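Chain naming follows the written order as A, B, C and D, and within any one chain the residues start at number 1.
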Amino acid sequence: MQVGIVGAGRMGAGLARRLVRHGHTCVVYDPDVQAVDRLRADGVIGVGTLEELVATLEGPRIVWVMVPASLTGAVIENVLRFLVADDVVIDGGNSFYRDDVARGRALAEHGIHYVDVGTSGGVYGIERGFSLMIGGDPAIVERLDPIFRDLAPGVAAATRTPGRSGTVARAEHGYLHCGAIGAGHFVKMIHNGVEYGQMAALAEGMAILRKAGIGISARTGDTSIEAVADADFYSYDFDIAEILEVWRRGSVVSSWLVDLTTAAVHADPELSGFSGHVADSGEGRWTVQAAIDEGVPAHVLTAALYERFASRGEADYANKALSAMRMAFGGHMEKAAEA
Amino acid sequence: MQVGIVGAGRMGAGLARRLVRHGHTCVVYDPDVQAVDRLRADGVIGVGTLEELVATLEGPRIVWVMVPASLTGAVIENVLRFLVADDVVIDGGNSFYRDDVARGRALAEHGIHYVDVGTSGGVYGIERGFSLMIGGDPAIVERLDPIFRDLAPGVAAATRTPGRSGTVARAEHGYLHCGAIGAGHFVKMIHNGVEYGQMAALAEGMAILRKAGIGISARTGDTSIEAVADADFYSYDFDIAEILEVWRRGSVVSSWLVDLTTAAVHADPELSGFSGHVADSGEGRWTVQAAIDEGVPAHVLTAALYERFASRGEADYANKALSAMRMAFGGHMEKAAEA
Amino acid sequence: MQVGIVGAGRMGAGLARRLVRHGHTCVVYDPDVQAVDRLRADGVIGVGTLEELVATLEGPRIVWVMVPASLTGAVIENVLRFLVADDVVIDGGNSFYRDDVARGRALAEHGIHYVDVGTSGGVYGIERGFSLMIGGDPAIVERLDPIFRDLAPGVAAATRTPGRSGTVARAEHGYLHCGAIGAGHFVKMIHNGVEYGQMAALAEGMAILRKAGIGISARTGDTSIEAVADADFYSYDFDIAEILEVWRRGSVVSSWLVDLTTAAVHADPELSGFSGHVADSGEGRWTVQAAIDEGVPAHVLTAALYERFASRGEADYANKALSAMRMAFGGHMEKAAEA
Amino acid sequence: MQVGIVGAGRMGAGLARRLVRHGHTCVVYDPDVQAVDRLRADGVIGVGTLEELVATLEGPRIVWVMVPASLTGAVIENVLRFLVADDVVIDGGNSFYRDDVARGRALAEHGIHYVDVGTSGGVYGIERGFSLMIGGDPAIVERLDPIFRDLAPGVAAATRTPGRSGTVARAEHGYLHCGAIGAGHFVKMIHNGVEYGQMAALAEGMAILRKAGIGISARTGDTSIEAVADADFYSYDFDIAEILEVWRRGSVVSSWLVDLTTAAVHADPELSGFSGHVADSGEGRWTVQAAIDEGVPAHVLTAALYERFASRGEADYANKALSAMRMAFGGHMEKAAEA
């Protein structure tokens, strides 16, 4: 099929290359001319304007918008000027699903279809395939099926789930029509919420392993609690890269995330290339908002989000308040050693 | 090699069968005679007493104890009566690593070696191999290497970690000598702590997906918050089994745990076969204790543990206290509908 | 001054009675005729319709709406039909501060002023005075000052804060103009968020005290962890009512909440009059939303909210998912004893 | 009565002065000669050695040890050399209750009585009285009653709890015999756990208030989430000192902690005198350990503890791990602006 892609960043470029490999025609626009040029070498048709992108496609057109969520709204408004009824706009970015609902309504007024696609797979998607969570009108999603099927990892990417037999379902190929407009990004939002939780679980475990030798340096009489409690039982010097490696095979925590983390720690055991100021990109926050709107407890997913906030210094004022309280009722001075 | 195994439960039976398949000689004792009989059919030598187990093995013996953690101490004391210097006792259960240290010292007084092996892989280990986290004296661990190598999944169970080349390390085969006595169970403890966190992250995400249709039933004027806040945005009817299926391939959360959960939800979408009273087996608690002793924050791992406590009704008194407070300052009656 | 009050529930009745005691004229409307009748005995002017309420007041009128947050919008729309320019509407309920902003704009189109007042004090406010957090136009808040001053507890309700001298500030009387429209409810929202946290902290502490005798009933060989870990150290039989009583005087946790909880536990030590299904009224949720929008970690306030969700069974599906996972990888059956 | 006090720090000095004021005879030893000298001016008998302290007291002696928990064991061992049967040692510090049990047994072998007293009240105790949580043999606690009664705040420090009448209980005076040896420190441990939770709840609330103006500086197009989400609703500029002041009177969160925090923020609104590295002194950790041993969920108390750990940089490695994961699967670079 013919697909226009707006955005030649990591994700957009990955989609384009994978589609071309599978025989589709890809027309790509990005204001970053060099990014577009790099794609031309791989058989992608690069264009210089949105208008040109639309003009190059035969109708009914498919325009896949793959830009940062904060820009999606503006980009769709721009491309809309050149589209006609029965064209399709796909938002493949990490949009808030509520924005999908509004956008879908706005496009529908022009007879243009809107499909939201939560896209997971990161920079590896081009090789492994992308996991696609799709929301929109069934007939339109059906129309796009050949694209989704070729972007998805395919059923061979995992053994078949016990209990499944017969025809292979779309979900087994790695893509799923989740429901009406917004459903794709809702499911992707929760996916990322779970991802935050998995990441935090692993990171916390690694941090506990890393300090398992604290007892070695403990000195009697030190007023620090760490120094005196059960020091004998904290005399291990663990090689975290090797531990992660062993968890990759056969263990209950084996996962792609452990695979990736193993490589990262193998390359940089102290992770000294990182400051530890961890960004969050929206889905984690929206997941918590959904949990609260639904009244569902989500201790783990929320804690994972808050740890990211704190990593960026956002707990500092609260911590100062705690110190001020301790000073107020107990005369406790902050220790110089702590500063 | 020759290995004696005490315990023919799920894990012990799995170890025995996998060892026999790889050409080792396995002698198994369990007070459950039928469990031992079932193993005989697979080439295992079943015996009726601990004494017989020890007598059947050539020295220096290897006795792998694979029983519930609460029984391990007593079993080791029993088997000790029949062992001699240079024999090896392996504790493959989920023991507290501090107990290893004490046991290792006690056995050392008799010249008997002690090795602790954290064993992950569950009921699938017999086919997939077991992930082994090992603590003990290097020379003794080396002596046991052929056993560990055959129990482990082997390097082929996963693609090689980028950056690794040359000789395949033990960790890449799926087993690791983590350090001195206790190190194996320490690492396994943290492994299970991470496992709790991963499980809770996934379960919370599933719970939010499940209530994403709450807005459909919302009624205006209902005093329940859920019913009125943004009801329009909660009108999805998700098929959780299909969503999990799509997450299995290509997504960042893809993992063995997602694989297993997909099968479980596929078989029983409402999970109606479960009451939701979730047990915890010790490692989660010890992980939190380690985090606290080390002064490392572990919000996610701890929340995962506490959610299990609460699942068993252990928050009930605190909740009653909250209701009593609300009544006291606000005159708030608990709603009948809530009871 | 003359004040019209819509709503004769616990809070509205308390405001009316306290205002009358301080010499103000209070006109009250509530569809519950008996509630209005009860107030007449205390010198309040009861009326049968909103129209009558407005007609009874001299202009510029002050109409204080004190109804459940879910009804506030409709009530204000109704009363608006009878008001004229320069009248004032006060929303004293637990509205979401964002609704204030919208309401303020809508009323401003009619030249009517809007003031939002977060009101704390519960059923005790009539005697102790109400803590008032106020948002709105400075000139209008100034106009209402005599009402706020008499509703507030007054400076004598606490010793003066060290460092304060000279003229007594409004905040020291117990009421505060916090900022523009919405500011009052924003501050009240955070107040209630903190309240949730304080309540949960106390309730959790009580729950730990209550099980401090768990070791007495521990039986060796029981597979329950609680039964075997350090049983000797959990042999206390605490009298929680007496403990709370001792915390009321001189301790760092002494607070009104401890005072109230002491009385509740003294009256019903097992809290058997409560089911422990704890409602939440909105502010806790909005507090978390604000924390997330601002990127500020709020582990404690959020955990307190989620514990309420869980108290109402909202964690059940997630818990079933955990049990399903444990069965899947480990063959763990839920224990009958747990059911 | 005659009381020997070992330790002339903030707490020991406070106890001594309050006892002298109530007509008791106080003999104080501290290696810090100047600290002892300062007490002499207030009528305390200062001595230069433990031996002298014991020699100065008439038997049966009462020796109150009031030193940092890490020194208590050594001090008691020292003083023990000079004591005889029927003397009493009181540990008034923040000892782990399990240490009490061991110490009580050791002293009992010499016929010496041991009483543990959890002491709350901080630097204000000398004026307000101390809240005392006591563990030990009933007869011995009875013997010490005159001391406890005069140290405690007294019944007038709070209004009587509704439902209480007749003879004023000890708890109403502000001291309580909680149970056998260790019970006093157990209750104090939980008290401090609750204190941690209350502190964190308030600090988090303050932090959310402080960033309520974040929307004012939001710029469109900024990739930071904070900058774009609902900026209009975060345009408040709150005066936190005034807000705390208004919460002191009549509100549900009114408490001694709010009183103290109000003074601190009034004196230093930005809390610029504090670095925000918050120490923890043991009870918070032990509270969590008790929660876990008992299987009681304590989300709030634990989160409060972990926030202190994180305030001291203990989450840094976990955060780096998160950044490494994000780089690995998504190619996400940490933003320079974040560093």
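Keep in mind that, in the parts below, contacts are C-beta pairs under 8 Å (C-beta built on N, C-alpha and C of every residue); 3 or more make two chains touch, one makes a residue touch a chain.
Predicted model only: the values in this text are computed from it and were never measured.
Shared contact partners of chain B and chain D, listed by label, are A, C.
Taking the mean of C-alpha positions as each chain's centre, the chain lying farthest from the centre of chain A is D. Judged by shared residue numbers over all numbers used at their interface, chain A and chain C contact each other through mostly the same positions, with over half in common.
Note: centroid distance chain B to chain C, computed from Cα atoms, is 43 Å. Averaged Cα coordinates give chain A a centre that lies 38 Å from the centre of chain C.
Averaging Cα coordinates per chain places chain A and chain B 28 Å apart.
Residue positions of chain A touching 2 or more other chains: 122, 200, 202, 204, 207, 225, 229, 252, 256-257, 263, 280, 285, 293, 295-299, 303, 306-307, 310, 312, 314-315, 318, 329. Considering their complex, residues 10, 68, 70, 122-124, 199-200, 202-204, 206-207, 210, 221-223, 225, 228-229, 256-257, 260-261, 263-265, 268, 271, 273-282, 285, 299, 303, 307-308, 310-312, 314-332, 334-335, 338-339 of chain C touch chain B. On the side of chain A, the complex with chain B involves touching residues 97-98, 101, 120-122, 125, 128-133, 152-155, 157-159, 161-164, 169-176, 178-180, 182-183, 186-187, 190-198, 200-202, 204-205, 207-209, 211-212, 214, 225-226, 229-230, 232-238, 242-243, 245-259, 262-263, 266-267, 287, 290-291, 293-301, 303-304, 306-307. For chain A in complex with chain C, the touching residues are 252, 280, 285, 288-289, 292-293, 295-299, 302-303, 305-307, 309-310, 312, 314-315, 318, 329.
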